[in-house]
Amino acid sequence: MTLDVLYFAWLRERIGLPRETVETGAATVAELVEELRAREDRYDMAFRDLSAIRVAVDQQLTEFDTSLSDAREVAFFPPMTGG
Amino acid sequence: MTLDVLYFAWLRERIGLPRETVETGAATVAELVEELRAREDRYDMAFRDLSAIRVAVDQQLTEFDTSLSDAREVAFFPPMTGG
Amino acid sequence: MRVVVQEAPFGAGEEAERLAAGRADMGAVVTFCGLVRDTPDADLRYMEIEHYPGMTARAIEAIAAEAAARWSLGDVLVIHRHGRLAPGEAIMMVGTVAPHRADAFAAAEFLMDYLKSRAPFWKKEVTARGAAWVEAAEADEDALTRW
Amino acid sequence: MRVVVQEAPFGAGEEAERLAAGRADMGAVVTFCGLVRDTPDADLRYMEIEHYPGMTARAIEAIAAEAAARWSLGDVLVIHRHGRLAPGEAIMMVGTVAPHRADAFAAAEFLMDYLKSRAPFWKKEVTARGAAWVEAAEADEDALTRW
């Protein structure tokens, strides 16, 4: 499965890029995070504290146990600070 | 004692005038109201239900048992509907 | 603090813009604008607002001062009209400026609740069927107990 | 309902005036405007607001639709900027129009609470001492529980 993975705010800065295309067999967001962390230190560091990270699948805010079947875009970011 | 007595909204309409000068020996607002009611039917009618009337002495919202010593202006009106 | 009582219309947008103009120490501006609403069951021709000239500005200033004492505010604005107003016209506005949004919102709601029941204005609605003084709602008096 | 996400400044006053223009069935207009506030302890040079273009408008529209379902509203407006903003500049505004003031106030506060924590924006403050992402306040998350 091919996914667009997006990073925002300090997550984008720590990982060093705003988006990438990822080839993965991950069944859930949590599995995708484990695959990313295994790649390189900067991913491992960025995802160390998941309580500080939010996720959206196909532009809908969701949880880390969400299934990735039919997903096309996964975005990771810190808690939002709009308004 | 000479007082300026003012009426607003339906109280002004029922009594038929917006203000008058009153010569009175009333010690409190309540006594002034009794004097006014004794004058004429239109006063008696207007002041029949005191729960529907508010009073200000010298432009400060107050109660019917307020003393009139040193008072110069007494205003009667229905509950306010500003905003 | 600015309190304006007048018969003439005012520019709500312009007033809103002026509230925090040129300031960088404030984070929040809240405005409320009250409009003449057509009566649902009878064609409203106009609203007539009577007030107590000697008392009005002073009563509003006391309410605004109380808001400024309770919340951290950078500025407070109250404009209230009197006289004859057509349906859709702006009757009044309040504006609050604060470092934080919770203060700006709370102060604006407080001002509205008190202006509604403690500022000496009386509204009369003139419809095709006749004229009637607007009665004070019990809910408006009850609203004061939350502060 | 109107939702605008843009980099350019907007005219808060003009937007406020447009909200109930030409309507006689509404009694209340509430606006909130959020401004770039200078940091008290460090000179703020500018604020940089990042967002998630594919998601932003849709997330705001969902929040606005929820407000429209909960309260009796005549209209809802949300404008939110992104990019680089100077101290004192307007970041965003919400506007609510309703027959009654309680609905207009509640909906505006609801919109603000949800936009704060559920719309995909991230603020970075750039001061003389460096740059730092604004952290989400626990109080902002807690504010959602009241609705």
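We just call them A, B, C and D in the order they show up, numbering each chain from 1.
One rule holds in what follows: a contact is a pair of C-beta atoms (placed from the backbone, for glycine too) under 8 Å apart; a residue touches a chain by one contact, two chains touch by 3 or more.
The model shown is predicted, which means the values in this text are computed figures rather than measured ones.
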Farthest chain (mean CA position) relative to subunit D: B
Quick one: subunit B and subunit D, Cα centre-to-centre, how many Å? 48
On a C-alpha centroid basis, what's the spacing between subunit A and subunit D, in Å? 26
Intercentroid distance (Cα basis), subunit B paired with subunit A, Å: 72
Pull out every residue in subunit B that's touching 2 or more other chains. 83
Residues touching two or more other chains, restricted to subunit D: which are they? 34, 101, 112
Touch relationships between chains, expressed as pairs: A-D, B-C, C-D
Residues of subunit A touching subunit D in their complex? 6, 8-10, 12, 56, 59-61, 73, 75, 77-83
Sites on subunit C touched by subunit B in the complex: 34, 50, 52, 54-55, 58-59, 80, 91-92, 112, 115-124, 133-136, 141
Contacts from subunit C onto subunit D in the complex sit at residues 11-17, 20, 22-38, 44, 87-88, 99, 101, 104-105, 108-109, 112
